[in-house]
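There are two complexes below, and they share chain A, which is joined by chain B in the first and by chain C in the second.
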Partner chain A sequence: MSTTTRPREDVVQTSSSPPRPAGSPPTREGGRLRPATGRAIGVGVVGLWLSLIVLLPLAALTVRSLDEGLAGFWDAVTAPVALAAIGTTLVVSAVVALLNAVMGTLVAWVLVRDEFPGKRWVNALIDLPFALPTIVASIVLLALYGPSSPVGLQLNATRLGLVVALAFVTLPFVVRSVQPVLLELDREVEEAAASLGASNGATFRRVVLPTLAPAVISGTGLAFARAVGEYGSVVLIGGNIPRETQVVSQYIQQQIEIDRPVNAAAVSVALLGISFLTLFLLRLWGSRAQRREERSS
Partner chain B sequence: MITVSSARKNYGDFVALDDVSLTIPSGSLTALLGPSGSGKSTLLRAIAGLEGIDSGVVSIAGVDVTREPPQRRGIGFVFQHYAAFKHMTVRDNVAFGLTIRKRPKAEVRRKVDELLEIVGLDGFQHRYPSQLSGGQRQRMALARALAVDPRVLLLDEPFGALDAKVRAELRHWLRRLHDEVHVTTVLVTHDQEEALDVADRIAVLNRGRIEQVGDPVSLYEKPANEFVMSFLGSVARLGGQLVRPHDIVLERDRLAALAADARTPASPGVVTATVERVVRLGFEVRVELKADSGERFAAQVTRAEADRRRFQPGETVHARADRPADATEAEPALAI
Partner chain C sequence: MTTTRRSVLTLRTLALAYVLGLVAVPILVILFRTFEPGLAVFIESIRTPAAIAALNLSVLIVAIVVPLNVVFGVVTAIALARWRLPGKGLIQAVVDLPFAVSPIVVGVSLIMLWGASGWFGGLQSSTGIRVIFGLPGMVIATIFVTLPFVVREVEPVLHEIGTEQEQAAATLGASGWQTFWRITVPAIRWGLTYGVVLTVARALGEFGAVIMVSSGFPGVSQTLTLLVHSRYIDDHNTYGAYAAATLLMGLALGTLLLMTLLDRKRSPR
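Right, the complex of A and B next:
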């Protein structure tokens, strides 16, 4: 790297130009930048940014969680209320993720394959949970399913209430990941299956679903991760009842409020580990399905 | 045998099939030939049941299948873009129809091995479609369609996505396969050369109607109308009539041309023209001409003929048409 002494403007220029300016080398005098330089700077900037925003805070959190030693960490994570909160979160999130896998695929299917009036509106509506502050979701759901429910359904402070709230905020993940794949799906493949005698159900199961699988899996993984970490949408309708409807994010908040930051950090790290492992496994599974399809000569 | 009677199909204002009736004999290889939008693919898909018809009857082997879904028509269908099941190996692709029918494993294995050998893909069982060339994918698709022992094999522009050389090879291969397997086959194509080469019967379609049905020779020699004539080979317009470029005779001597023309019944007459360009296309030589009336046309002659006559750009010649029947001199010819 002979470029370390280069004037600063050059560096700035390089990092903002594409990594391999093959056809058009920079014309600045003495500015013969090798493509490797640009790439190195790109990687450096990304590394720095990720460190500042993600890795350092996580490291700090991990260190904090071990302030009272490994035993303190273990005690914090295995406290009955903490375990209950983690359990509730994982179970509810898993249910929501599965619900999303099925319903999200169905919604994507209808949006891609069927024509009906107002389809564009429905399509736009899907993104609404992304745009709304999640606390609004909580208020909305409370208005409909709360103690003074106009439809007589009382979901306040129940696990079902948690599921409904989380399903609301995670709706777009599977829909938006499956939709583009469905759009590109070759209709002739389904016709071929039909001509070979496959019923619609068999065609879907054996031909369509395997093609959609990677997208469904990745969307489901994202929905799960989001559900595990969700706070705003469950804060009102969830009820925050320890060992019943309290989710991990609420437990952490509570620990901070009663001045037990180490407990909060320890549970956070446990949650982090679980989320990371889940995403990693799902990604592995999804990419294997995809590789099988794309394995090229 | 496939029978289509009075089939009609509209897409909104567009008439895809306009009262089409066609009989396809058992064991034949019939080509549906026509330009795009002529309704040939719609007709094929109507036979397959992939497309419904507004009115009319489709029957296969004497059974009315007009209301039957494709699953129950006993067909094999091959698509232009292969429609391979990308997540399955070649073996699983070919076995698909048999597994759906829940045939015993041993039978499936035997049948698939046999078909892979017929289509020349033995040794490729464990590959995925993405690891095959276009020609191999299409042969896999053919094996897949044949695996279910279809009563009719329907091919929708099967070689359309392949390059010219592979296309010609697969065409000959299909012909040999058909001679071995004898399954009633219908092939959709817009390529007249392909139809003439591979089919034993051709139905020419235009604007949703069947213009003519017949064997390749009679269609080429005795086209029912100008559309069929111009679609089944190149044509030149000589004195207001359509003639094959290889039927045009070029004479330097006007009197000789007139005398020969007088002996040709229903001839378009003698047209005096100037040679503009002489193009050598391998065995054939195309002589591009401009008639005194300003109309341009081309004559096709053999290389030997061209070497002997040495037409030069700028010279004046007299063109006349010879009917194939009296083309005993085995000489002149032309092309557009």
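Right, the complex of A and C next:
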């Protein structure tokens, strides 16, 4: 690089030339390294890093799951205990997602529209489940709802225990996605609806809910996706009883333990598929809702 | 909405009961259980050799993971924000991928790649480096689950600050490195710090991915989270598990506090 005094083309975003590697922050001083080389190295490093850490393990998992052919994969996923674990996971996650949709919206509503002493503390509590390690969540819930419960509530090794654990770790999703929308919501529209004689229920259904719906659905979907793959928070309170309270992640862990790696890989791929499908549908729905909004405005 | 006093109270009570019953009360119970026998008992419980080794291992993993995530995360963020690349959408998707993968699936995937019978299984027999059931495996698992944080915190800042200052620096004769250190780094420092705090919190708290690739020997390959688990499950030492969990909770609360403070710094508007 002979001239460093010239404006560097690489940072000019307006030029429409095709991908053209040029000088970039990680280039060496003194011009021994051409900018193009620096950028190529950077791209190579990023590609290699992402491949090594993320893509190769997932590729190895997928290939391994097909070690015994498609039939083997199918057998592993449809084994009765595996199917039961998948079923338990889906049912419990769906319940948790619905619980979040209702209670999360309610909590967000109270935190935005209501005033009471100590509200800031309650607001701060909402973030706690994201900050706490999942195994701590497990222990914390066992302390109250476990064998030595001080209130006599024994949820250990029940599906309700799973619901409580997953509700704990997914609490922030809906609350934190609905809260900002509620804050922005124009109260005049609600007042107008009320002054025109709409009942509370009608105002909520026709005015408030349509505005909140995208945020509620996105939070609920994220909570579902998180619940489906959750392990740490259910490992102690869930009981891991096959066909009853064993969730998919526990089943996979068990298959590794009894040295059935192909089964573990196959069910892992199925679980990945469920997570990806959830997030894909969510994104699809989100972009459609956005387009609809753009068209109507 | 016109809400009567009574319905407001009902909604408030329901919401508070839910949040308190789910989060606050269980945490208070565990704090009570931990400190009920006295502070000395608590300190003794978290100063056993196994507990100290677990804390050291957790800190060691954080100390390895954070620099790697900072370097590769910043380069990735710059590549995504500044360079014109083909297939950028694909890179974006790969960066977000770890958020969508169950920790257990992370563990299984790493076993399939690095395990004795995995794709890179030959590494162990030829070099003697044990990835799975060793420190490298736990480090790689932690990098996998924390990979998005730095990128996702730095990239938006890079977009926001634009390229004007960097261009100006270049016009005035600064080399690429000088521009990077004097312009880019100061601009992204709070975003980067926030990403690092998120990484530290997650790295200290990761359980599922790490337990799959750890041999779990007390004092050797147990992190703090594995210690909580093994004390409860293997040792039937409920108090010890409470104490270790309280220690982890303290670390988590510390990071949460730091995050709240940083959040204000990061977005002064």
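Quick note on the criterion: the second predicted complex is superposed on the first by the 227 of 297 C-alpha atoms of A that agree within 3 Å, B and C clash if a C-alpha of one lies under 4 Å from a C-alpha of the other, contacts with A are read in each partner's own complex, and residues count from 1 in each chain.
The criterion applied here is as follows: a residue touches a chain if its C-beta (ideal position, glycine included) is under 8 Å from a C-beta of that chain, and two chains touch if they have at least 3 such contacts.
All values reported here derive from a predicted model rather than from experimental measurement.
**Q** In this superposition, which partner touches a larger number of chain A residues, chain B or chain C?
**A** Larger number of chain A residues touched: C.
**Q** So, A:186: does it touch chain B (first), chain C (second), both, or neither?
**A** Only chain B is touched by A:186; chain C is not.
**Q** By the touch definition at the top of the document, which applies to A:50: first (chain B), second (chain C), both, or neither?
**A** Touch partner of A:50: chain C, not chain B.
**Q** Kindly classify A:194 by the partners it touches after superposition: chain B alone (first), chain C alone (second), both, or neither?
**A** After superposition on chain A, A:194 lies in contact with both partners, chain B and chain C.
**Q** Under the stated touch criterion, which partner chain does A:272 make contact with: chain B (first), chain C (second), both, or neither?
**A** second
**Q** Pick one for A:256: touches chain B only (first), chain C only (second), both, or neither.
**A** Touch status of A:256: second partner only.
**Q** With the two structures laid over each other on chain A, which partner does A:91 touch: chain B (first), chain C (second), both, or neither?
**A** So A:91 meets neither chain B nor chain C here.
**Q** Can you give me the overlap between the chain B contact set and the chain C contact set on chain A?
**A** The answer is residues 194 of chain A.
**Q** Residue numbers of chain B touching chain A in their complex, please.
**A** 48, 50, 69-71, 75-77, 79, 81, 83-87, 96-97, 100-101, 128, 130-131, 141, 144-145, 147-148
**Q** For chain A, which residues count as touching chain C in their complex?
**A** It comes out as residues 4-8, 10-13, 18-21, 23-31, 35, 38-39, 42-43, 45-46, 49-50, 53-58, 60-61, 63-64, 103, 106-107, 109-111, 114, 116, 122, 125-129, 131-136, 139-145, 148, 150, 164, 167-168, 171, 190, 194, 200, 203-204, 208, 225, 228-232, 235-236, 248-249, 252-253, 256, 261, 264-265, 268, 271-272, 275-276, 279.
**Q** For a test of understanding, state which residues of chain A touch chain B in their complex under the given definition.
**A** 186, 188-189, 191-199, 202, 206-207, 210-211, 289, 292-297
**Q** Over in the complex, which chain C residues touch chain A? Could you list them?
**A** Residues in contact with chain A: 1-3, 7-8, 11-12, 14-16, 18-20, 22-27, 29-30, 33, 72, 75-76, 78-79, 82-86, 91, 94-95, 97-98, 100-115, 117-119, 140, 143-144, 147, 163, 166-167, 170-180, 184, 201, 204-208, 212, 225, 228-229, 232-233, 238, 241-242, 245, 248-249, 252-253, 255-256, 259.
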